[in-house]
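Would you mind keeping the following structure in view while I ask a few things?
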Amino acid sequence: MTKPPAAGRGARFAAAMDQAAAALNASTGFDRRLLRDDVRGSQAHARMLAAVGLISAADAEAIIAGLDRVAGEIERGERALDPGLEDVHMNVERRLTELIGAAGQRLHTARSRNDQVATDLRLYARAAAADLCTAIDRSRLALCRQARAHAATLIPGYTHLQRAQAVTLGHHFLAYCEMLARDRSRLVDAARRAGESPLGAGALAATGLPIDRARTAADLGFDRPTRNSLDAVSDRDFAAELTFACALVCVHLSRLGEELVLWSTTEFGFARLSEGYCSGSSLMPQKRNPDVAELLRAKPARVIGDVVALLTVAKGLPLSYNKDLQETQEPLYDAVETARMALAVVPGLIAGLEIDTARMNAAAADPALGATDLAEHLVRGGLPFRRAHEVVGQLVRRAEERGRSLRDLNAEDLKTTIAGMDELRALTPDALAAVLAPAAAVAARRVHGGPAPTAVLDQVAVLEAELAALGFEIGT
Amino acid sequence: MTKPPAAGRGARFAAAMDQAAAALNASTGFDRRLLRDDVRGSQAHARMLAAVGLISAADAEAIIAGLDRVAGEIERGERALDPGLEDVHMNVERRLTELIGAAGQRLHTARSRNDQVATDLRLYARAAAADLCTAIDRSRLALCRQARAHAATLIPGYTHLQRAQAVTLGHHFLAYCEMLARDRSRLVDAARRAGESPLGAGALAATGLPIDRARTAADLGFDRPTRNSLDAVSDRDFAAELTFACALVCVHLSRLGEELVLWSTTEFGFARLSEGYCSGSSLMPQKRNPDVAELLRAKPARVIGDVVALLTVAKGLPLSYNKDLQETQEPLYDAVETARMALAVVPGLIAGLEIDTARMNAAAADPALGATDLAEHLVRGGLPFRRAHEVVGQLVRRAEERGRSLRDLNAEDLKTTIAGMDELRALTPDALAAVLAPAAAVAARRVHGGPAPTAVLDQVAVLEAELAALGFEIGT
Amino acid sequence: MTKPPAAGRGARFAAAMDQAAAALNASTGFDRRLLRDDVRGSQAHARMLAAVGLISAADAEAIIAGLDRVAGEIERGERALDPGLEDVHMNVERRLTELIGAAGQRLHTARSRNDQVATDLRLYARAAAADLCTAIDRSRLALCRQARAHAATLIPGYTHLQRAQAVTLGHHFLAYCEMLARDRSRLVDAARRAGESPLGAGALAATGLPIDRARTAADLGFDRPTRNSLDAVSDRDFAAELTFACALVCVHLSRLGEELVLWSTTEFGFARLSEGYCSGSSLMPQKRNPDVAELLRAKPARVIGDVVALLTVAKGLPLSYNKDLQETQEPLYDAVETARMALAVVPGLIAGLEIDTARMNAAAADPALGATDLAEHLVRGGLPFRRAHEVVGQLVRRAEERGRSLRDLNAEDLKTTIAGMDELRALTPDALAAVLAPAAAVAARRVHGGPAPTAVLDQVAVLEAELAALGFEIGT
Amino acid sequence: MTKPPAAGRGARFAAAMDQAAAALNASTGFDRRLLRDDVRGSQAHARMLAAVGLISAADAEAIIAGLDRVAGEIERGERALDPGLEDVHMNVERRLTELIGAAGQRLHTARSRNDQVATDLRLYARAAAADLCTAIDRSRLALCRQARAHAATLIPGYTHLQRAQAVTLGHHFLAYCEMLARDRSRLVDAARRAGESPLGAGALAATGLPIDRARTAADLGFDRPTRNSLDAVSDRDFAAELTFACALVCVHLSRLGEELVLWSTTEFGFARLSEGYCSGSSLMPQKRNPDVAELLRAKPARVIGDVVALLTVAKGLPLSYNKDLQETQEPLYDAVETARMALAVVPGLIAGLEIDTARMNAAAADPALGATDLAEHLVRGGLPFRRAHEVVGQLVRRAEERGRSLRDLNAEDLKTTIAGMDELRALTPDALAAVLAPAAAVAARRVHGGPAPTAVLDQVAVLEAELAALGFEIGT
């Protein structure tokens, strides 16, 4: 018996790994994120091994204490991970054995790196999902506060980025709360589906040793053990699903980012990001650039790429574990960290928004926004909607040809404009003015989910109750 | 008042659409898939309008009957969709009005194409998810039957496509049942989250008319109306989520496809696809190619592309509806139809598999597969696992250097081979033979989720109960 | 000898294909796009077979004439492609044999569908690349004309969508010409790399028959035959590369689309799309939505998805041909057709743009745009740039705190504002006004590639010469 | 004048950046890869500024020397990049100014970070492309050597992973040389298109100062300056194109990886990776896993994701520079580094392959591989090919029904088997044996690009000449 072989590599090898191959192979550059989960998983495993009698209680205690010491050393930077040991798992086990001797050599009983890494990754994914839920809640809270503050602030609603109908700014903020609520729900589902413990699946074929999988599952907070060992070591669905959920989070924030970029333009001028969220220019001294909003807009790109990477790696892989699966880690980490970093800026960004309500109100008073209200007015008078749509459309065109907006039409203009349009005979400048008044028009759209201040406050109250139940302080 | 303007386009336009622009703009090439859902949504809308008094009961009846007639005409090919009317919605409304006159002009009251198409798409998505669940169940049934039939058929289990440990073919089939069960669960979640009715959100700002959103929601089988009109018309999360779920379905089937391709090779020779799933060659007369398995392997590529398309379209879109969202339809349809088509071949493919159990069993008897069992045997004797791993590794290497497999070692060989390895002193050829016997080794791995025939039959029974509860006949 | 077997399937099969399998397998739904290229390739093949004596001259003539007849029948809709024959190739050959008998049975000599479809696809790709180049040139011409017309029209240049420095509209249009020139160059490269003929590679292993590959290559306009038969039948790089080039075309047009959407807003108001490129709303009578610009913005999403599909299909495929490659066709067609459709609207869209030069000029006169010019003015006076940047930045902030823009500062204001900033001592309101005058500032940036009217006209002349050399009429 | 403002941020800001925003905003985590290119670009800029008289010769000298010192400090780890300064560019400039004072403040004259980073990235991309070409050449050399060594080694050629026709191993290796040659060609094209210098484009609008763009372009090895400043600062086509080229490199290597995984299986047994490219198992002592081959197979997934990220970031961005473009750096770096790392293992992997030629030859002797040769034999005798295909197909089926391979048929069998098949009347067992002899069959397929040893050696010679001209030693 000569020198100890490289951990993980085993005694069946005479030669060391080629250097370029080792560089391609090592995961220590990114898998240290699993350190705490790896230790936690190993401690649960050791407790179980002792409980079923595969190792002694004393060995289990030594292992558990030793693992804490190893984790501490690495976290405090006292020991670096050695890429020559391939991954965090082998680094931890090797150091453990240095510290506690033979007991350390018993830890890997009835376990393989395959079920070990699958367990670690699920622990990571579940914790990440929970963190992201909290980050989402903080963002929802900030949006909700602004929604209450601006329940009655008018702003043009847009479709096709064309002014469409007046809405309220509070309603606008609540739209993002809806998106984030769906995101949260997807994260919860993803965490639930990740809630099965692979420990005990071994390399692929479970083990003939008398382990207790239910015990480690419960110890680690899983709902149950996985049901098929071949699947358990090769399943990364949970990573793909969490990454996809992160992608949608980022897509939603990118919409917010785009809107903040637009609102910050001189042309819109609806709002400015506070200085803490802007950058300047190295050349142009006057610039105040909404960098943070632009980065929110950009971030989904990489997370969509992460989704692609994860799904593409798994495509066409035969059972069970293949080394390809190592490539599922980085996209997952990137997606989680990107979503986390993006969500982290939202509360401050939203709370600190410098909103120009005067400018918003003025824009919302654009009479073009009342055309639909006018058509609905005619419908109330009995005109079929499709006909009302046509006559108002003609009215808009004729007014435009005269260089007027709907509101500018005086009695004389109106008379000329509607000449020959029998359905509009009854329309007076006063009636037109009443219909086109934005505040009244918005207040009338108080149906469930509508933009009226009353409807907005209803939704705010529902959301506040949900957030309060989650333990958040609602007050501004 | 002159000629009727193009539906959807409205009277505010003097000019027609440019021809190249119209080609880019029209959705009639693909949105006819929404025909039935569109009609169903409009009928529910009409019933509601009558119930709240916005139209007469007679108009509602005319609309409902007229819509059925329109749908029938189009479905029977008596009328083609006119791309000049942009989409299926305008085609239906225009034809309805031709058939029933003014009542048809009242249908679009308090509604926009924006909430209409969002409703149609959700109806489509929910029905598609339900269909896919059924297709998944049919596939699980076929796999489950083979799992029962082959609960004790031995086959090498692989990691890294290297023979690793013997498992059972039934266990192997059950691994796919696990993947499909997760897929089903994701589809159910996606359908649940799609279960809110956008009807009444209008173009973006709801409506001032006194509609009853809860009524249409219930009528169409939704759980509730959406809570924010700006979000409701621009949300396509449900499409992205369903498409992602389809991508994972296809990824799982691609793994099956890859394995069937491998098993069909002369080299593996574990199974052949029945002729109905193979193609020949235009040049090589002897070929029997597993085309269907290859296509299963290939299909995720396009669905991953669909996921990309959907997420990328939504990225950075300001509120609320933007025409870009038209581009969310085709990827959704493609993903659903691809997953459906792929799942459709699975039951017959699996049931008709020509399995060569003799060849599988012979491969499973490869003594290299017993190395882990040997290490576990030493662990039972008290050796720390990491040490057992080392000595078995050395044993393998020494045997290999002698050109022998573990099982071929006679007493003399063994004695030489283990010279100096104290831990193996007690090892006899007979003990070695017993440890390396594959059937016994597999039977010992009967822990929950393990490959032992008993464990496989346990899982089969659970799955059969689930499928029976869903109404499937379990018998082969 | 009994009934003729399904073409392509061959006599080694007793059973027909399963129906669901056949649906998955058939490519007749999309590969009819290859009809003309298939016929052309087969005609060249037949000519070569006759030239080397493998078939008679009479047979070759019959084949060539027969193929034209088959293509005509299918193109005129007289015959539909039969999915039961799998693909367009087998449909053509089968019908040919019906028409001309035994000669038709000799066509497939020394050829396989594998080299045949690779040839067809390359012919398709090369023709598509050439078409797209022409479409790009038409777009460049339209942009170039507008650039000449607006060589001196001022418009704010933006970074971060914040007004940055004044530029010219002509310069802005020319930026798109640069993007399109790169696209064209990439298409040319892609077509060049696709310029090798796979014909003669057979199924994978070439042929023992004495064919003349150089002859068919030349006949079909290829530069040379491919150099390796295993690669030739499994290479779809050309499809991926062309699809990628299409993706970048669409990305560039999406930037144009985004800008047109912005310019069309009430807030920017710089331009309107002509009516032929807009749509209305089914609900809101006043709407004039820039649908075509939005679709240009959206289209890259699907083409990026196509790139993903193509690369992902090819990943991990063993040599040589695998059925998976069938999945490379649809993404290629979709990318080409999407790019073609998007480019088709550009000339009319650009030519018909209703530009509000007054509004552009007014915006370009925003004094904030002159801050950099002011800093450069100070640099000319000897101040280090970084210092000049600082003092102008402070000046902007102080003016902003006083609610003034730089230009509004009168002598008194200026004196107060620059108090303590020694570097600005020499600055007078008149000097400030001169520096901030946008037309002069822009005219000074006449360096190569700059926005000055003179620099724009230089670039326009270069582009006009290039387009004229390509045969385009330059005049508006 | 108070404390110096954050570089890049400028004096117009009163407040510092929010911490979460700064974390999102900083690029120092990845852009240090640009350090040397940034310094090089700045030195060229300083030389030019002095040449045109915008700074003094002494300042230029101080800048140039100072920049070298800064780069050295950072490279040697004496100074860390400060994320508070946002990026590598500001870190370098700030430190330069600390070291050399006012001269440092003059460096950024007539330049912006926008044209600066565009220049740096192009320098990076061009150097990366050149490096990758060399790495490709090394891989081609290793493949070429094996091709020469195995020009006559028989191996089954596969389509659909079914044995199809015998080929030579040399031919098989050359297929990869073809793929890599295309990759190289794409990299060269990408580098060529990246060969324009953005320096002088300023922030977006060039500069009014009298710079000499041609001079810096030439100094930095570019072919010419860019032609449009708005395009120059916002163009990242070169990054997307290079990333796409890397994706195809990785796709090709993934095919090689898949084949090596297959060849390494017990079932194929055609080759083993040398130990330096394999890993063991933490559980299973006997395992020798082809990890490196699997990682080659997996790597395209992330690079396809990088392509998606790059294209998606650029989609829909208005002119000119937007902060979103910061997100183009990491995907580019990842693609380049992944391709580089993957290519780095190929030469050793290929050179060290333990090929089992006996096993390959035996497999190539499978008589099923001769069916096409038999059909071609009949064509030589005058039978139309389609007919020959049918009769051989029937022969295969009949032989299979009798449990025989084609070669096993003795005279009696053959007579029975071909009963009623008139076209085969002349076929004798001897003729059959001659046709089915694999070496002769392969030797006959000596057409250009075919697998015959002579054809392989022809291609090897061409490739060797190309590599020799590039300066490589050809001998093994």
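The first chain written gets the first letter, and so on, giving A, B, C and D; residue counts start at 1 in each chain.
Keep this in mind: contacts are C-beta pairs under 8 Å (C-beta built on N, C-alpha and C of every residue); 3 or more make two chains touch, one makes a residue touch a chain.
All of these numbers come straight from a predicted model, not from anything done at the bench.
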Next item on the list: Indicate the lowest number of steps between subunit B and subunit D, counting one step per move to a touching chain.
Entry: 1
Note to self: Considering only chains that satisfy the touch condition with subunit C, which of them also satisfy it with subunit D?
What the structure shows: A, B
Next item on the list: Express in whole angstrom the distance between the two chain centres, defined as the mean CA positions of subunit A and subunit B.
Entry: 23
Next item on the list: Provide the C-alpha centroid distance between subunit B and subunit C, rounded to the nearest whole angstrom.
Entry: 33
Item checked: subunit C residues counted as touching two or more neighbouring chains -> 10-14, 108, 114, 159-161, 164-165, 202-203, 262, 280-289, 291, 294, 297, 300-301, 304, 307-308, 312, 315-316, 322-323, 372, 389-390, 393, 396
Notebook entry, point to check: Taking the complex as given, what residues does subunit C use to touch subunit B?
Noted result: 7-18, 20-21, 23-25, 86, 89-90, 108, 111-114, 116, 202-203, 274-289, 291-292, 294-295, 297-302, 304-310, 312-313, 322-324, 326-327, 330-331, 341-342, 344-345, 348-349
Notebook entry, point to check: Which residues, counting only subunit D, touch subunit C once they are in their complex?
Noted result: 1, 4-5, 10-14, 54, 93, 97, 102, 104-110, 114, 157-161, 164-167, 171-172, 174-179, 182, 185-186, 189, 193, 200-211, 213-214, 225-235, 237, 240-241, 244, 247-248, 251, 254-255, 257-259, 262, 297, 300-301, 304, 307-308, 311-312, 314-323, 372-373, 376, 379-380, 384-387, 389-394, 396-397, 400, 420-421, 441-442, 444-445, 447-451, 455, 459, 462
Notebook entry, point to check: What residues on subunit D touch subunit B, complex-wise?
Noted result: 159-165, 261-262, 264-269, 280-291, 294, 308, 312, 315-316, 363, 366, 368, 371-372, 374-375, 388-390, 392-393, 395-396, 406
